[in-house]
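The two complexes that follow have subunit A in common; it is paired with subunit B in the first and with subunit C in the second.
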Partner chain A sequence: MTTAPKDNTQQAVIQAKDLRVEYRINREWLTAVNGVNLAIYPLEIHGLVGESGSGKSTLALSMMNYMADNARIGSGQVLLDGQDIAPLSSQQMRAIWGKKMSLVPQDALASLNPSYTIREQIAEVTQQHMGMAKDEAYAYAVEMLARVKIADPEAVARSYPHELSGGMQQRVMIAMALSTEPRFLVLDEPTTALDVTTQAVILDLFRELILNNQAAALYVSHDLGTVAQLCDRVTVLYGGEIMESASVTELYAQPLHPYTVGLLNSLPRHHDGTNTRLSTIKGVAPSLQQRSKVCVFADRCPVAIDICRAEKPPLETTPDGRTVRCFRWQEIANNELDLSPPEERVTETSDEADRELLQANSLSKAFGNSDLLDRLLGRAKEPLQAVDDVSFSMKTHSTLGLVGESGSGKTTLARSIVALIKADSGQIELYDEPIALDLEKRPQDVLSELQMVFQNPNDALNPYHSIGQTLKRTINKLTSKNMTDEQVAARVEDLLQAVRLPADYAGRYPSELSGGEKQRVAIARAFAANPSLVVADEPTSSLDVSVQAVILNLLKDLRAREGASYLLISHDLDVIAYLADEIAVMYLGEIVEIGPTEAVYNLPSHPYTEALISAIPEPDPTSGKQRILLEGDVPSARDLPQGCRFHTRCPRKIGAICENEAPPLRDASDGHVIRCHIPIDELVALQSQPPVAAGEGK
Partner chain B sequence: MIRFFIRRIILLFVTLFVTSAIVFGLTQLLPGDIALLIKGRDASQVVIDDFRETHGLNAPVLVQYTNWLGGFATGDWGKSYLDSSDVRTTVLRRLGNSLQLAGLTLLLAVPISIVLGVVAAVAQDTWVDGVISIFSLAVVGLPEFVTGLLFLSIFAPGAGWPDWFRDFFLPALTATLVLLGYIARMTRAGVIEELRKPYVRTARLKGLSTREVLFKHVLRNALLPTITVIAISVGWLIGGLVVIENVFNYFGVGLLLVEAVERKNMPIIMAATMIIVFFFAVSNMLADLLYAMLNPRIRLG
Partner chain C sequence: MTQTQPQTDVTPKRVSRPFYKRALASAGDFLRQLARRPLSFIGLMLVIGFILMAIFAPIIAPFAFDQISTGPRSSPPSIDNLFGTDRLGRDVFSRVVWGSREIIVIPGIATAIAVFFGAGLGMMTGFYGGWIDEVISRAFDSLLAIPAMVLALVMLATIGPSAVGIVIVIVLLYTPIITRVVRSATLNVRSLGYVEAARLRGESTFYIVTREILPGVLPALVVEAALRFSYAIFLTASLGFLGLGVQPPSPDWGRMVSEARNNYTRTPWEMVYPAAAIAVLVVGVNLMADGLRRIFRYEGQER
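After this line comes the complex of A and B, so read on.
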């Protein structure tokens, strides 16, 4: 980690001075970013964190003087190398955009034009600003792609965006953004859509390239872990105002603002154990219309006092040069305020003995089988083997976490359990009774036993049904008892209460709810029929960390209250560890490791699990943990590698045996199984030492 | 690509076959004896028998159908019931007329409506957009015979308008007005949708000019749905311009078909229907092909 130059004589690359950004909504100008002062010096990566709606993306783009059609800079300056760019028109900004500043956005695929090749799109920038001829610009594009460590830059340069993986698309955006060696980069949630393994590689790339280019960067993220790993300084934004700003080491060691404390406490950490609850920040972030003239955070603050609700606290500078906007920061600094989360424990009450709930034997599912014409033309394609001979079992009152990168088959596996996808072969047993793989053949009582919560609550709820209608419909469809209308209404109220929503939400429509509230309704819907097993596919990945904490707590409470089990899918191992008793790690359609959570987290691990765990960005800038970077992307499931499927990327590959023979299942301890050629005791010995250079970013 | 062609050509033949079966089946449902209908109740038995013999109506229905199908495939499309003239010659001559009219209509409608649509989208929610939207909605709503008759009375004969103008240009203009609204509105919607996409922000933040962003980045993607609309209208232009052809007394395929249906002239009905369906299917196929060529996300095959 480089320390930011504190030398005040040095000029900031980019600086916002009393910046105020406004949106025109219903003929009224509303303030989205209020009086922000922020300076970024050369070689510095500045983190900007906050929940959705905090104004962080608006602030980041306004520092490029890029506005939505209905937005404007109300007052203040944006200085680029000392020159105020805020008054410049879009026409005047054309000389600066792409040349002195560029953006790496969140959604790389949508941010690339689908109709042009990669080199055409990169060349546009250099043709525009460096006066390159077409051929020269194409050659330079290949060079840039090589600099962002793309293995086959020639081929990628000629590809179209949709032909590349997510990580590759993001590298293309980075190559494009850096091709004119800009002074200032905005990185707007650039790794949110990526797998942890890819994220680790991209973050390393950012640091290296920004340092090499002598640039300054603003890194916008809701992920406190990546900020801790990447940034030098960090600013916490809430309600369009700076709550606090400090160097990362100081901020994570001693946050001075109650909001920062709340954000950090709401992160799940795997060593918490499964009986704790996460601390949460109550309430939701204020909308533009609700920004108050007093402390914007007072309504949600656990330590707010009278003055907080009477006037707006000033942004103060502490003796050691940090800034904070809170009346009580000195008390927090002196540890006079108790902001530590109450030690809450969930008591799991199960009066019945655990028994076998679900057993999956040799489940397989392939997609894209070739049709007759393909075969006549001799172009039969290999089917895509998404799930390959997978077996596992679950007990009642337990949670099995399913992890793996995208393309590992975890979603296909989960969906074939609830029969949203019909498995090609294998057996599923529920309470020791075989059940059909085909949804149409499953009787109603089986359907009500197995329920699902989806990743995106916006798409999972019918926008034309009120919350009450949605829940009633599920109750009527899935419970066999003939309930009276009053009983159904009572059950709806009971469910809403269970997910901590007020009873009057029954009359509301999904569009009137926040993302977190919608997910609660989706969870209530899943529990409406008293299921034995709820399959939750990335239930919190579209939500803010503070909302995620609420949902995770809720899932934990509901498990205790309703006595259900979860099959939980997540790419976030910390989320899994917070809820799961057992973890199954999937790679290319196979379970490569399965066992109790603690056992999977500790040694020995499958080399793939080891890499996944090491890639998690710790929300602690001092952790300095050694990361294992996996080379390349997950191979195509149409063309599975011979032998061990992981051998193409494995940092611990031992030799030809890995390429030629399928690895055995090795028993590490009670119920902990690893699919690897390396014997268990050797794995332990290997993994006790830091990883060999093989996996280190080449 | 080869795969796409094979699949679509097989599909084309299946479509034509099914159409012919349906149309032939429908003609069999007509009440009464076809020979009596054509030759009149007073015709002598000799005339009737001769008619039946000439047109092969004595054979069983299925044999009649297979005879027709075989003839059609080999270029013998039969003889008109009315004057025994060669059906193929008549239909192809009418097709030539229709193709000319369709060609001129497309030449007028496509550029004008795309320009209008793009201008409306870029000037979204301003008075320009309002004027274009109201205009295009208004012309879509007007029935063709109203605009057609209006044109005919405005550009009255004897006022020095050349024949081709009244006989050829005015029908094309009338058809253009019908298409204009559809294509312009489709273009406007396509451009507005694309303008909201993140890649437009990327393009602007490269420092490209508004014109480059619009013409190089946005239009290429925005016009994709418009292509489909244009292709579907080609089928309509070949076979569906009955009203316009009627108003302007233009001898196209549509008018031929209507006359044939009125007179129960089966060979013409069959041949004209097949031609219309053929052009409909082929223009759709070409649209899909063009769509795929402009859109790298679609791999044919």
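After this line comes the complex of A and C, so read on.
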């Protein structure tokens, strides 16, 4: 990792001075960003982190003087190469946007015009700002696409946005943003929507391209892992104010603000072992209306003292040039305050011996996706084989984690277990009894054993039913039918307590709850049926890290309390490893590796698992981990590769056998199975050395 | 580029109840929401005014609708005959007042039936999908491909012009449209977590459709019903104008316009008042529908 140039005689590319940004809400101007000073020097990538609602996107966009209609810069300056751009109108900014500063947004597809080809859209920028002729601009667009390492830039230049994968679209956005060689780039959560393998490739690109372009960048993210990998300096934002700002190595090694400490401690890390709990930050971020004249973090701070609730702490500069806004930073720096995560241990109580809970044999599911007219005209499309002949088994009181990139079939597999999707073939056995693949044919007692927690908490609860109604309905429907109303009400209270919500929430409606609270109710609803197995489909992926920690702890506690098992789906291996006893890695509808968590994390691994694990951005800038970058995209499940499905991207491909023959299942150790042509001992030998260049022989 | 709004993971402080409960619990609050948008409020007042006029026609109208020689024939508006008289000496004001009954009742009943069928079929096709959806949707698509007026004329010519005939025509014309709107609203709701959770606890299809899906579809349905009502009024008036509406002597605004149009230079009042009544009523219903849409869209954003 390179260190940021600390030469302060150099002029900052972009600098915010006492910047205040306000939103007009209900005829009142509310402050979203308050008194921010931030300077970014050439060749620097500056990370901006914070929970949702912290004002980080508002700050980033206001540094481009680009704001929502109801927002304004209340006071302060934004200096671009020394010139104040804050007073400029959007008319005047148009000469600067796209030329001197550009934006790589979170959702690339929404930012690309679907009715123009890629080269037309890139050329539009260069024609506008660099006065290029059309032919010149087209040729330059291809050149730019090649610079973001697109394998076939000519073909991509002629395609339309929807023809490209998410990772490819994001590369196009980067090419477009860099095409005018801007001085300043805002990267607004540019990899949040991407798979971890694609994210690794894109992050590497950013580093290289920004350095080559002599630019400065502001990287906005909620993900402390990617920030550690990419950035030189980090600013932590909370409640619209800077809490702390430091170089990335200093900040991760010794955070000085309790909020930063809390954020870092709430990240799940696989080496924690499965019996610890994540530390959490209590409470939720304040809304614009609630921001106070005192320390904005005081209400959630574990070490707040009287002065924190009486005065606003100043932004102080430490002797080594860091800035921090906390009255007690010196105590934190001297390790006089205990901010370490609690070493609480969850005791898993199980009176009964573990037995076989669920067995899936040869489950397959293909999606036809052709409508009546197509079928009548004989134009039916190739079926999409989402899950292909998958078998696995689970014991009681265990957690199986399913990981894989999008399109790996993990969600389809989980949904066919609970029968929201009817599998085409295969058997499912629950406690050694075969159960129907069809939801309508499952009796009530089977339904109550298998429940689900959904990905998006915002649509998991019916907005027209109160929390109490939702829980009562499940209890009445699926558990003992001769419960009295009082018993049902008591059970509702018990469930709410189990998910740490006050009893009066029973009378509330989902619109009155925050995202994390809704997800807790959704979890309570799943447990209302007294299930043996809860399928959780990305239960935390739409939540902030601090909220994610709360939910993960809760899932862990409930497993012990209710004696249930989980089938946990996530694209985030760290989340899986925090909860799971066993991990199954899926690729293109197949399980390529399954085994106990530690065995899957350690060598030997399937080459795909190896790449997945190496792609996880560690929240530790000094880790210096060797990353394996996977070339290309996941092939279409309509047209599966012959032989080993992973051979098109495999960095450890051994030859023609991978292209022609389906790999065997190899036993690596007890219960640890790898689907690969390479024998286990050779895998061990190979994986102790750095990998060869990826994507050869594609 | 997208614009950003301040996002928060904060519990909303304002307490809100589902819109229909609130609407039932306090109609006043609902009216206040409408009243906050002056145009919608005017629309609502106009619609209420016409409904009151229809209910109290015997009190408001000074004469029966078919009473002839209420004054001199074809006389201009006067104290005795507010809107003048027609060529038979019938009081135009009384006929407009009495006519409001048919122009509200016929499209009202027809719209209600169309909404009932449209909601049922829309939720069914949207929820089940598969071949039921394909067959019904394609059949309705072909029905919608025929121009409404042509279809109406052919059907009324076949079954004969009558109030029942008009109701049948409107139901046939509008059921497919409402079905489509409800179907797409249902498709949006069907794959949401709370519907899947209901399926996982073994709820019957009837429960899922009426308790889980219907509340989510209701805003779209109410707005669509109000819009369809205004179109139905217009269609009824048009059919009356073409002589395919309710037969004489009952007063029909459309037919009154049609009968008066030959003499409109000499007796413009015969035509202007019923025509204005049609226009004002349709505009009123439309303004109200627009207000409903805005209120429900606002509610929708809250979720």
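Going forward, the second predicted complex is superposed on the first by the 679 of 698 C-alpha atoms of A that agree within 3 Å, B and C clash if a C-alpha of one lies under 4 Å from a C-alpha of the other, contacts with A are read in each partner's own complex, and residues count from 1 in each chain.
Heads up, the rule we're going with is that a residue touches a chain if its C-beta (ideal position, glycine included) is under 8 Å from a C-beta of that chain, and two chains touch if they have at least 3 such contacts.
Predicted model only: the values in this text are computed from it and were never measured.
Trainee: Is this a clash or a fit when subunit B and subunit C both end up on subunit A?
Mentor: Once subunit A is superposed (C-alpha atoms), there is a clash between subunit B and subunit C.
Trainee: Which partner chains sit in contact with A:103 here, subunit B, subunit C, both or neither? Use first/second/both/neither.
Mentor: After superposition on chain A, A:103 lies in contact with both partners, subunit B and subunit C.
Trainee: On the A-aligned overlay, A:114 touches which partner chain: subunit B = first, subunit C = second, or both, or neither?
Mentor: After superposing on A, A:114 lies in contact with subunit B but is clear of subunit C.
Trainee: After the superposition on A, what does A:418 contact: first (subunit B), second (subunit C), both or neither?
Mentor: second
Trainee: After superposing on the shared chain, does subunit C or subunit B touch more subunit A residues?
Mentor: C
Trainee: Does the superposition put A:51 against subunit B (first), subunit C (second), both, or neither?
Mentor: second
Trainee: Considering only touches as defined above, state whether A:452 meets subunit B (first), subunit C (second), both or neither.
Mentor: The answer is second: A:452 touches subunit C but not subunit B.
Trainee: Which partner does A:162 reach: the first (subunit B), the second (subunit C), both, or neither?
Mentor: A:162 contacts subunit B only, not subunit C.
Trainee: Of the two partner chains, subunit B (first) and subunit C (second), which one does A:439 touch, if any: first, second, both, or neither?
Mentor: second
Trainee: So which bits of subunit A does subunit B touch that subunit C touches too?
Mentor: 66, 103, 105, 107, 110-111
Trainee: Quick one: in the complex, what on subunit B touches subunit A?
Mentor: Contact set of subunit B toward subunit A: 2-3, 6-7, 197-199, 201-210, 217, 220-221, 294-297.
Trainee: For the complex, which residues does subunit C have touching subunit A?
Mentor: By the definition above, subunit C touches subunit A via 1-13, 15-18, 20, 131, 134, 138, 192-194, 196-197, 199-203, 211-212, 215-216, 302-303.
Trainee: Quick one: which bits of subunit A touch subunit C in the complex? Just the residue numbers, please.
Mentor: Residues 23, 32, 51-53, 55, 57-58, 61, 66-69, 103, 105, 107, 110-111, 284-288, 290, 371-372, 418, 420, 439, 442, 444, 447-448, 450-452, 454-456, 458-465, 470, 473-474, 477-478, 509-517, 522, 525, 529, 543-544, 547 of subunit A touch subunit C in their complex.
Trainee: Please name which positions on subunit A make contact with subunit B in the complex.
Mentor: Residues 64, 66, 90, 93-99, 102-103, 105, 107, 110-115, 124-125, 128-129, 160, 162, 176, 373-374, 377, 379 of subunit A touch subunit B in their complex.
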